[in-house]
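As structure tokens, here come the structures.
Each of the next two complexes has chain A plus one more chain, namely chain B in the first and chain C in the second.
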Partner chain A sequence: MSRSSTTAAVAAGGPEPSRDSGPSGRRGPRRPPRRRGRAPGEPHPSAAYLYIAPALIVYALFLLVPIGRSFMLSLYEWDGLTVGTWAGLDNYVEIATDPGLRAAFGHTAVLIVFYALIPVAVGMVLAAIVARARVRGMPFFRTAIFLPQVVALAVVAVTWRDIYASDGPINQVLRFVGLEELARAWLGDFALALPAVGLVGTWVNTGLCFVLFLAGTGKIPGELYQAVRVDGGGPIREFTTVTMPALRNEMVVALTLTVINALRTFDLVYLTTSGGPGNSTTVPAVEVFRQAFERGEVGSAAAVGITLTLIILALNLLISRIGTREAR
Partner chain B sequence: MTSQRERALTYTILIAFAVFALYPMFTMLGTALEPGSDAPGGLGNFAVAWEQGRFGSYLRSSLIVSVVTVAIATVLSILSGYAFGTMRFPGSTALFYLILIGIMVPTEAVVVPLYYDFRDLGLTDTYAALILPQLAQSVAFGTFWMRTYFLTSSRGVAEAARIDGTGHWGTLWRVLVPMGRPAIITLVVLTFMWTWNEFMIPLVMVTSESLRTAPLGLAFFDGQYVSATSLLAAGAVIVALPVVVLYLFLQRHFIQGIIEGSTKE
Partner chain C sequence: MTDHPRATPRRPILGRAGRASAAGAAGLLALALAACTPGAGNDAGGGDASPAVDVNTDVASLGEVELTVWDQEVRGGQADQLEELNQAFEEAYPNVTINRVSRSTDDLRTTLRLALSGNEAPDVVQVSNGRPDMGSYVEAGLLRNLDPYAEAYGWAERFDASVLANASYTDDGATLGDGSVYGAAQMGEMVGVYYNRELLAELDLEAPTTWEEFDAAVVAAEEAGELPIQFGNLDQWPGIHMLGAAQSRYVDPETIRDLGYGRPGSSWATPENTQAAQALVDWAEDGYLTPDFNGVGSDPAWQAFGEGEGVFLIGGTWLLADLTDALGDSLGFTAFPGADGQTVVATGGTSLPFAIPQRSENADAAAAYIDFITSTDAMAVISEHGNLPVADVAAQEAEGAQREVFDTYDRLVSGGGMVPYLDYATPDSYDVITQQVQSLMGGEATPEEFLDALETEYQENVAQ
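Here is the complex of A and B:
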């Protein structure tokens, strides 16, 4: 779990929880109520600026300014040492035409399936089943299932590389059951390396989705289920007519978190395959690093970073739109 | 309508899930204890990895970077969250949206200019290069997080204290901060985890070995000892352990922080 993905999900926020918002579904951030004049002892506005100044200065210097600088750099051809030359939108055109860069963005689509769609689907179905029964030992299960979220991805990468290794546990099992011919160095296989990396993402994110949905099912009133049962509906009807609609907010949050995870994955790919074999597992974040620090294509790296940011912002909007549309 | 079969199914799912989540962790732990070419086996592997992999030095760097980032970010976030959550001032909405936009930006988009600008300022390969970018990201999230706390739980208290004649500064530190300990602990825990686990910023910003953070050190150790899987696994355990232990003690804060942090507002 990384900082930007959480904060982005926060910002996307999805529609506000239904308990807070009326049918009109108020949008935008909550704010202190407006009143005329100042309450007794209420600070003068200038005090507020003093409170936010330190945070805002740090934030502006080391986050906002770099974003602007990144955009500037993306318009130049620069090797990081000599004088750069104006390139206009060439670096952006390159993203659409260069096979390596195009592949990097294309791979994120596959990763979204493994990082986001599978964990959300599996997490929701399992949470719905588990929510139906009272279970002992839930704190233990929750702790265990959520654990992959807190382990450094560098550690996750090292661990899974062992699991996928030619003499690793997966191949040992295949040999043991006589499927020797299926055994291979999974991360070295042109066709299978990308799904293999994706599966690690599934491992990281499924627990998050499960715990998120489980918390959501706890808030569904039991009468809703009873109503379905009175109508003669079975577990599947319960799931489609009660559970799924009720978990809409959680789904928006889960999708935002996991899709962004998939888009900005770096540690995992860099440390398992570093984009290989060939270009078969490269992703935008790895291309940013390689272009800027290995190939001396700083402008191109910045353009990839800016494009990635725009895609993340757009997807955020799209996902929260889907959330609000389904609410109607 | 929970039948015996349904309960059995539920437990089967939960156990399968827990095994799926824990299996890679236990494999790593198992590998870390195996004897190998340079590895004596058992806990001795950790000693050898610690020594050869210089994990003592990496953990120290990580600890310095994490503690400084968390401490400064928490104080700045409390201050700005307090203003955004309890005070009215011109431009507050615009400034808040500015922070919201900024926090969606991934590290990948800022790391390139940060590196070249820090290099020009002679800041690369220093603790500042590791701390300042992460501080900015943490402050953005922290402002958001603390604002939510001040908005939801304390306006009445703040007004009562004000009417009592306590100034806004005193109200914040003597009333609201002690009251908001759970929210602040969650913020601290999340910021600590993010900073400890961060990989790209250290990878780009530092070259000297003494500044390498734990995840980066693990990556370099990995490059050196490809053959000694058990030592590498031991190193991985050492790197993961601080956050995992913290998680076991404060798991409620981790889970609520990641999940509720996203559903609030």
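Here is the complex of A and C:
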């Protein structure tokens, strides 16, 4: 702790932090105070780094170095071929000011609703129902609902492109029930293309959430539900007081995974609409690809990538924070 | 396309492990930042006009040569013709062995950037003409200036000026269509109007020869309950061709060339371009196009045309083989005179030109190879395999729609009405134009807003 913060604490009238009483006090009186030297056979503290070194080196080489390199590239204007010119934070300023790029980040906010919030909500309700009812043929439903997770997203994209087509199944059903005026090419509609792509994400991610939650409900003791019933609570009461709190950890995991999915989504968008119509479905990952490989603006692409990484990191910290706070 | 980044689920980065690695990360970051400016070690030392020393056209005197060729001719007839020509080249010059590496267009495009700047560059590569590709390689000095070879082999006589212009750049890589030749192409390409002869006959109509007759046919088709123009724009790129077609009707070809090549003083904001944009809006609003065209893929669209749905289809010659298979003798192809009522104007160009990387050590053999596969004899081979040769078109034997394609191309080239793809001019223009055409035709943008968006991007990025 630095001196300035200590002074600040004193100035604020706070108690002077004591170095000695804190940790040893918490450890309890029965344990001997920590000696200066090491116990016989106790390794040097820095030996820990030796143990993690192999993993750390691989991690650093293939993740941290590329990230550092990307960050460096993001400070240049570089076409990938000629010598780059220093651009400072210009590429980041462009993200904040360019309406196209801002729109791309805005679209991910909508996608988070479809990729993360709806699947978590639907998955939880489904899991709660299934856990209560003990449905027959459970393995079948579990597999069926989880299946979208297993199918390659490229296949999912091509399939849904056909489903949304002018003469695809959705429109056929609409026409069959006499709702022709609702039938349209869903992916070609400026207002509906983004929700349409988002719904595919919902379809894909619901299975993941459902299976996660289902596993979680298995460890909830039945007595808790009985207790609610004894108190006169119905199924909804059971859900809010028992199931939901018990699944908090699963919810954090599910949200983390699905939010990441939403933010870095590329294949679904690229293969269904390639960002169109107009720019109504562009997302940052597609912009990264286009700028780096199609337009030769590597610096700007790196800046979008780094920004995306930071947003993912921040959102995940937030989600974990909420999860741990609720757990207390 | 084939890359689907779908990693296994990641754990949230948290806790003590996170702090420990953060320390490592900071150290590594400092290391990375200490590294030099990107691309600094990359300079091929080219860029300036290549020395014209020692052009050797005598392949037999070159000794044993292994020639590595990267091409993207992977589709049916295109792959066959190149295979046959490669074999003929090896027979003619037994001292040369061709090492052919063939990839799809997209794959070639994304790997080329690295390959050209690496130490073991191929000897011959097929490079897309546009500024983001060929232009940036020329700027970086990664491609060889072929002027000396063009002179030695007499390419100026073999090819129409527009063909060589399509692979010419100024030394700074900024202006397409001027400066030195950097590549030569085998095949021609153009966007024209396909029509269904049978449907026209049912409507008691002749095949149109002017835009006015086309208009009349479109109206008649609509009244008779047929779909006038088949169009699917979900994939975005067909919109550029639609715009090109409308533009060729109203705008003088030289003005379109200036615009497409990014020449100074060009502008999108002109009354003629407004007319072209309005024409697209009218087609869309009057119901002459496939319903919900912004949501229809390009493949389903031309396939539907092949099944007799739609009287016209505005599309490229790359569809010729597939559409001939589907429609047989019913298929027709044409292009119309532009604003002056005489010159046939259409978007077109060449297939991807073959170029020589600066770092190739076999430039003489590479140039001889390029000359060989674009020779008069080669043109006949190309035509035999059902493709559109870039030169000597009129001399080739063909019938039906292929004959019409050949004749139209010949008229286009000889009449000076070939105009380049509109997305050649600037790196961003492809994205901007495709998105904006969707907006324009989808009723989200007026012609003025549309041209305004194109103009803004254009003036920001075009060479000053």
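Convention: the second predicted complex is superposed on the first by the 266 of 328 C-alpha atoms of A that agree within 3 Å, B and C clash if a C-alpha of one lies under 4 Å from a C-alpha of the other, contacts with A are read in each partner's own complex, and residues count from 1 in each chain.
FYI, a residue touches a chain if its C-beta (ideal position, glycine included) is under 8 Å from a C-beta of that chain, and two chains touch if they have at least 3 such contacts.
Quick caveat: nothing in here was measured; it's all calculated off a predicted structure.
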First, second, both or neither for A:Pro169, with chain B first and chain C second
first
Applying the touch criterion given at the start, work out whether A:Arg290 contacts chain B, chain C, both or neither, answering first, second, both or neither.
second
Going by the touch definition up top, name the partner, chain B or chain C, that contacts more of chain A.
B
Now for A:Leu73: first (chain B), second (chain C), both, or neither, which partner does it touch?
both
First, second, both or neither for A:Ala103, with chain B first and chain C second
neither
Pick one for A:Phe190: touches chain B only (first), chain C only (second), both, or neither.
second
Which partner chains sit in contact with A:Leu153 here, chain B, chain C, both or neither? Use first/second/both/neither.
both
For A:Pro277, decide between first (touching chain B), second (touching chain C), both and neither.
second
Under the stated touch criterion, which partner chain does A:Ala116 make contact with: chain B (first), chain C (second), both, or neither?
neither
Considering only touches as defined above, state whether A:Arg142 meets chain B (first), chain C (second), both or neither.
first
Taking the contacts chain A makes with chain B in one complex and with chain C in the other, which residues are shared?
49, 52, 56, 59, 64, 67, 69, 72-73, 80, 152-154, 256-257, 260, 264, 266-267, 271, 285, 293, 298, 313, 316
Chain A to chain B touching residues, read off their complex:
1-4, 6-14, 16-17, 29-32, 34, 39-43, 45, 47-49, 51-52, 54-56, 58-59, 61-64, 66-67, 69-70, 72-73, 80, 126, 129-130, 132-135, 140-156, 158-160, 162-163, 169, 203, 206-208, 210-212, 215, 229, 249-250, 253, 256-257, 260, 263-264, 266-267, 270-271, 284-285, 288-289, 292-293, 298, 301-302, 304-306, 308-309, 312-313, 316
Touching chain C in the complex: which residues of chain A?
49, 52, 56, 59-60, 64-65, 67-69, 71-73, 76, 78-84, 86, 152-154, 161, 164-166, 184-190, 252, 256-257, 260, 264, 266-267, 271, 273-279, 285, 290, 293-299, 313, 316-317, 319-320
Complex contact set, residues of chain C against chain A
1, 4-6, 9-10, 12-14, 20-21, 24-25, 28-29, 31-33, 35, 37-40, 42-43, 109-110, 113, 116-117, 132, 136-137, 139-140, 142, 233-236, 291-297, 300, 427-428, 430-431, 434-436, 438-439, 442, 444-445
Interface residues, chain B side, partner chain A - complex
1-2, 6-7, 9-11, 13-14, 17-18, 20-22, 24-25, 27-28, 31, 76-77, 79-80, 82-90, 92-93, 95-117, 132-145, 151, 155, 159, 162-163, 165-168, 190, 193-194, 196-200, 203-204, 214-216, 218-219, 222, 229, 232-233, 236-237, 239-240, 243-244, 247-248, 251, 254-255, 258-259, 261-265
